[in-house]
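What follows is subunit A paired twice: with subunit B in the first complex and subunit C in the second.
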Partner chain A sequence: MKISWRKHLNTLGPLVGLIFVVVIFATLLAWKDVMDGREFSGETGVSFFASIKDTDFYGLKAFLGGANAKIVLTQTVIVALGALGMTVVIISGGIDLSAGSVVALCSVVGAQLLNTSWASPWGVVLITVAAGGVVGLVNGGVVAGLRMMPFIVTLGMMTIARGAAKWLGGNQTVNFPDTPLLNLMALHKPDAFFPLPYGVWITAGLAVLTALLLRQTIFGRYVFAIGSNEATARLCGIRVQWMKVVVYALAGLYFGLAGLMQMARLAQGDPTVAIGLELDMIAAVVIGGASLNGGAGSVAGSMVGALIMTTLRSGSQLMGWPNYFQEIIIGTVIVLAVALDRLRHRAAK
Partner chain B sequence: MPTPRLKTTDIHKSFGATKALRGVSFEVMPGEVHALIGENGAGKSTLMKVLSGAHEQDSGTLELNGQPFHPGNPLNARQAGVAMIYQELNLAPDLTVEENILLGREPSRFGIIDRRQRRKQALHALDELEHHVPLDVPVNRLTIAEQQLVEIARALVFEPKVLIMDEPTSSLTQQDAKNLFRVIRQLKQRGVSVIYISHFLEECQQIADRYTVLRDGESVGSGEMKNARLDEIIHLMVGREIADIYPPHARQPGNVIFDIHELAGYEKPSDVTLELRQGEILGMAGLVGAGRTETLRAVFGLDRIRRGKVYYLKNNLTQRSPRGSWRNGLGMVSENRKEEGLMLDHSLADNLCLTRYRPFSSFGWINRRQQLAATIEVMTKLDVRAREASQSIGELSGGNQQKIAIGRLLHHDADILLLDEPTRGIDVGSKQQIYRIMNELAEQGKSVIFVSSYLPELLGVCDRIGVMCRGVLSGIRPVQDWTEHEIIAAATGQK
Partner chain C sequence: MNPARFIGRILFATSILALPLLAADRPLTIAVVPKGTTHEYWKSIHAGAEKAKLELAQQGVRVNVIWKGPLKEDDRDQQIQVVENFMIRHVSGIVLAPLDSKALVRPVENAEKAKVPVVIIDSGLETDKYVSFVATDNLKGGQMAGEELGKLLGGKGKVILLRYAVGSASTELREKGFLEALAKFPDIKLISSDQYAGPTRETSYQASQNLLRRFGNEVDGIFCPNENSTIGMTMALRDIGRAGGKVKMMGFDAGSQSVEDMKKGDVQGLIVQNPLYMGYKGVMTMVEHLQGKPVEKRIDTGVVLVTKDNMDDPKIKDLLYPPLDKYLK
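What follows is the complex of A and B.
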């Protein structure tokens, strides 16, 4: 009985973390609302509970309201798509540091394509996503072919892809004419939760597909196997190097799609966007319970991890905290989340 | 009679239910080379770890120069004058010879290394060995023999009274071994006692003054080396009868179906030829490091082959990948269960089915329920004790883990089974079940190559046995024609 309860705790761990973050910020914002209200009306002499009654809780409502939830979900799309690819890579025992640069590169690729006359919106989508896949293919090819550390290979690719993005964009942002692709990230009816931008639905759908891919297919089992124990995987006849190529290429496709979303969100291709975004993706995956040693991780966990990252940002903004303070908070939460996860695993043993 | 330099009395040590040492007593005199002899698993390594402070004994006493000796940890032991040189050398490969010799003991002032002093001490240590290894070269550029000298020099910095050497010649050439003996004699003249562990009896005879034989964790005899006869020592090493834990078998192996011809790898093996019949268990005996594991790995496609051929039913299987081997009906169990056998953090089901998902998948999509059912079927057949098929395999005992590792070949329905030390480190009950499984498989017409360092099980289970010595497989004979003495003699390179 006790053991099965623990098992559920393990899968729910990140979700509990998300709820925790939401509750903390709701409390902080409510507190702030009350204090602001007292200051505004000059009721400093009145008891605290009396002023609660008079407070409008504007900030709290804004944080928990449907409109903000929609913004949070939309802001999560790019990190979440990247985190999907990163989940597969990390479970296989690798890492991809080039993800942020690939997002920028693909946003420029998409923007430049929209400036040509021959590419239809669908063509733009296909070519942009494929561009990400090609970068991933190169990553995987070098990692597998030369037996190199993924950390080094993708570190190099991080700079290469960034340079390529600047080159393609002529070292500046690339504007493009109006296109239906902007609907991917556009917030129609900003006061209500629905309709959600297409990007949110696409991300949700891909998350389900990726989860099924990892859990229910032979390919997914092999990804876990090479991350868990590469020597065993090889002994058991899995084509380990070939798998690595496929894994990085697949991740590249996700990063390419994230780049397309980035382009739609900014309504321009920006070669200097998404610097350090790969670290947000990695943080989301690790908060979601994956191990950087490979062999462990889940799509659900990574998605919740990505939501935690965006919720932290959103809450901090509503609190009116300056940017540097947000960064300190987010960094602390990443370390704390993983520390708690390790403690939980040790307790389970 | 002088006080012994080192004396152990009735040492016992258990790991869980396994009794590694069951009463070891022996003494080493000052300036004596004492050979410690025993089969694999006799308890030599455990004893050495107790002496060098890596383990603590459960009961029994250690005395150093007549004083009680409680090392507690390797550093204390070394400071008290007991140093150990392991079979696997422990050097920092990128540091220079000089840095390695004084690693952790650098002469310094206010945290700054006194280089001149360090050089002096390093030279001094090497001078005592009367060998000159360049001091400024990183040790990974040295030969194994030179690296070993560096390791010995490092031990000498502590001015040891007792130096323990575990299989020091196992990776040396004959010439290097001779040099090593000269070094040992020099140490001896300086009054250092050397405990010399080796499988090679002839070497022990050359270098040692006295010997002690260990068997099943007990010291069963000791004496002067020059009066001893090798066959007496071998008798002490073996000294037991084959218990009836081996299933009786009366199979008649069929035609030759699997054929290895003059196989050689890049380091080991150097020459392996064998023919395997249908429904046969062929044993491969030999010392650790003789090249048995490397042979199986080369056959299976895990290591590269330099020359030679592998045929299965007249099909050339030479230099396939592991994937190709599985597809052609070969299966292998690695000697290293944790590092190359299983995914410990994954479920029994996934560990069992990793090579063959096809029976319960379509278009790459796995039917979980069918997979679990197939797993439970194998678990029942092999008597695997586990809570559920989706339990993570790391939670099981070693014996049950190993049954799953072998179960993988059953699930795959492999016809040629390469088993590398399949009973290492598991309890007797599980061993017995594994023998039974092997026996059943052979009766069904599967063929097995069985590598083991434990002679009784080879003699109890196999149809024929070949012995590997220094990379060469020779003398495959029916099991009835072998005795343990003869196998040991062949494995240690005696005629």
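What follows is the complex of A and C.
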């Protein structure tokens, strides 16, 4: 009974964080709206509360409005998809630094396929996602086969995939004729919450599937077991190396799909996009309560973690804060989130 | 999501739609979105925007200028996010220097749909859903560079073009103009035109070093199409001891380092735009549009060839040393 309560706290923790971020920004924006209103109308002599009545809170409304929710969700799709793959890898005790480069590579693969005459839109989707899977398969194969540190292997793959993307794109962004795939990330009706881009629904659906995979299947148990203690897992009869190959390949599929979304969003394949995106994904997973030592983490937490970062960006921009301020805040939030997580765990012991 | 919150959201969304009507007497809020924020070039654009704000204030038009580049320099996806977030904020208008002529098309069209007008500055965009395009005639700038380099070389020699980056419409036009002008000199041979300087001084320095390792001894003239490529290439030329006029160096934009290099004689000519005027004109055009005045769809902000001989000319001096401190505090 007590344990299940603690388990819920672990998923709720990040959610509380997200609500906290939203409330903070809502308060700041409301305050800014009032102050701006006072300054613009020149009624500085009036009391603060009197000017609240005359404020139209346009910043606050913009932040909490459905249109912004839609934009925030759309802007989260790519990091969230990547974070799904990264969650599985990190729970298994590994790391994948090649994710950002794979996103770029797959965006170029998709764009080049769209320039061929034979690939149907569905074919493009399948091959692009599969391309990510192949890179993951290589990552996993080398990690497992040569017993190498995933950090090193994927660090190498980060540069290899980036180079491959530039090579495949002929050192250029790759443009393609209009395609229905662009609808994946298109904001039809930018002023309203619905319709949401397909990408958002796909991400939500995959998040549920991945959560089920990790929590309800033997595969998921094995991933947690390997991440908690690899040696014990091996003694228990889990084929650890084989599992690693599957884990990295699975993550690659997610990165491939993220690349497809990136391509749809830019309406081109861009070999230089998503530099450092893997760090955003890792941050999302870690904010979501995962441990880089493996064996802990949740899909729900990672999704909330990704949303927290996008919300921070959106709120900071509405506040009119400069970029360096945003970067400092996001960095601080990452460290704080993990620190709180550690404290919670210590308290639980 | 519970139904009450859902209805609340819809109410918010509709109230946002009604905002432009309510906000008639608010000061205009104009977002200026550069490609990045670290280049001096963009600081001049920023100064120009502030200059417009000051002048408008004197005319009694209150304008709020918000200066915001992509969180990561030169990252297309991040620039799209910035444009989208300004659209949500319902600023009065966006003045945008698009990082890519295609990738930014949809965000700009979305903004137009959401009734947020966009003025494009600096680099072109492949749509017509904008108010006006305020920029240098980059093709002409590139042609001027090619003609000047041809003259400097006496019509013969080996030339390198170090390109800037893929998908950047402004520099691609300069490169195209340069090659067009160079084609008029049959005895000039282009020995490399497929290398890219990349977004920072460091990347362009490396690309230049690699190029010169291969062609350093045979090259006679070089053209670089923007600030950081010019600076990086000049540094690399100095390293191998072929600066100071042994290799004729033509650059673009008046970064303060490039101007120093020209004084020393390491750079023979710079094609200089007027970014301050571009920022100024961008904001002015947006305000005129918002006031319901007709505006030109294409506004040329001019280019000048600056050499050691004319760099002390007062008019040129204002271009080389834009009075940034006057407008940026």
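The rule is short, and it goes like this: the second predicted complex is superposed on the first by the 341 of 349 C-alpha atoms of A that agree within 3 Å, B and C clash if a C-alpha of one lies under 4 Å from a C-alpha of the other, contacts with A are read in each partner's own complex, and residues count from 1 in each chain.
Simple rule for what comes next: a residue touches a chain if its C-beta (ideal position, glycine included) is under 8 Å from a C-beta of that chain, and two chains touch if they have at least 3 such contacts.
Keep in mind that this is a model prediction, so the values were computed, not measured.
Novice: Here subunit A is shared; do subunit B and subunit C fit on it together or clash?
Specialist: Pair status: fit.
Novice: Is A:175 in contact with subunit B, with subunit C, with both, or with neither (first, second, both, neither)?
Specialist: In the superposed model, A:175 contacts subunit C only, not subunit B.
Novice: When the two structures are laid over each other on chain A, which of subunit B and subunit C touches more residues of subunit A?
Specialist: C
Novice: I'd like to know which partner A:134 touches here: subunit B for first, subunit C for second, both or neither.
Specialist: Neither partner.
Novice: One more residue to check, A:186. First (subunit B), second (subunit C), both or neither?
Specialist: A:186: touches subunit C, not subunit B.
Novice: Could you tell me if A:52 is touching subunit B, subunit C, both of them or neither one (first, second, both, neither)?
Specialist: After superposition on chain A, A:52 lies in contact with neither partner.
Novice: Quick one: the Cα-centre angle at subunit A between subunit B and subunit C, nearest 10 degrees, please.
Specialist: After superposition on chain A, the angle is 130 degrees.
Novice: Can A:221 be said to touch subunit B (first), subunit C (second), both, or neither?
Specialist: In the superposition, A:221 contacts subunit B only.
Novice: For A:202, select first, second, both or neither according to whether it touches subunit B, subunit C, the two together, or no partner.
Specialist: The answer is neither, since A:202 touches no partner chain.
Novice: With the superposition applied, I'd like the minimum CA-CA separation between subunit B and subunit C in Å.
Specialist: 29
Novice: In the complex, go through subunit B and note every residue touching subunit A.
Specialist: The touching residues are 300, 302, 321-327, 332, 334, 339-346, 350, 354-355, 357, 361, 364-366, 368, 408.
Novice: Could you pull out which subunit C residues touch subunit A in their complex?
Specialist: 9-10, 12-13, 15-17, 19, 22-23, 26-27, 37, 62, 66, 68-69, 71-72, 74-77, 80-82, 84-90, 100, 102-103, 105-106, 110-111, 113-114, 165-167, 194, 196
Novice: List the residues on subunit A that touch subunit B in their complex, please.
Specialist: Contact set of subunit A toward subunit B: 216-219, 221, 224-225, 228-229, 231-239, 295-296.
Novice: Which subunit A residues qualify as touching subunit C in the complex?
Specialist: These residues of subunit A touch subunit C: 40, 56, 58-59, 61-62, 64-69, 71, 74-75, 78, 171-173, 175, 182, 186-187, 189-193, 262, 265-268, 270, 272-276, 313-314, 317-318, 320, 322-323, 326-327.
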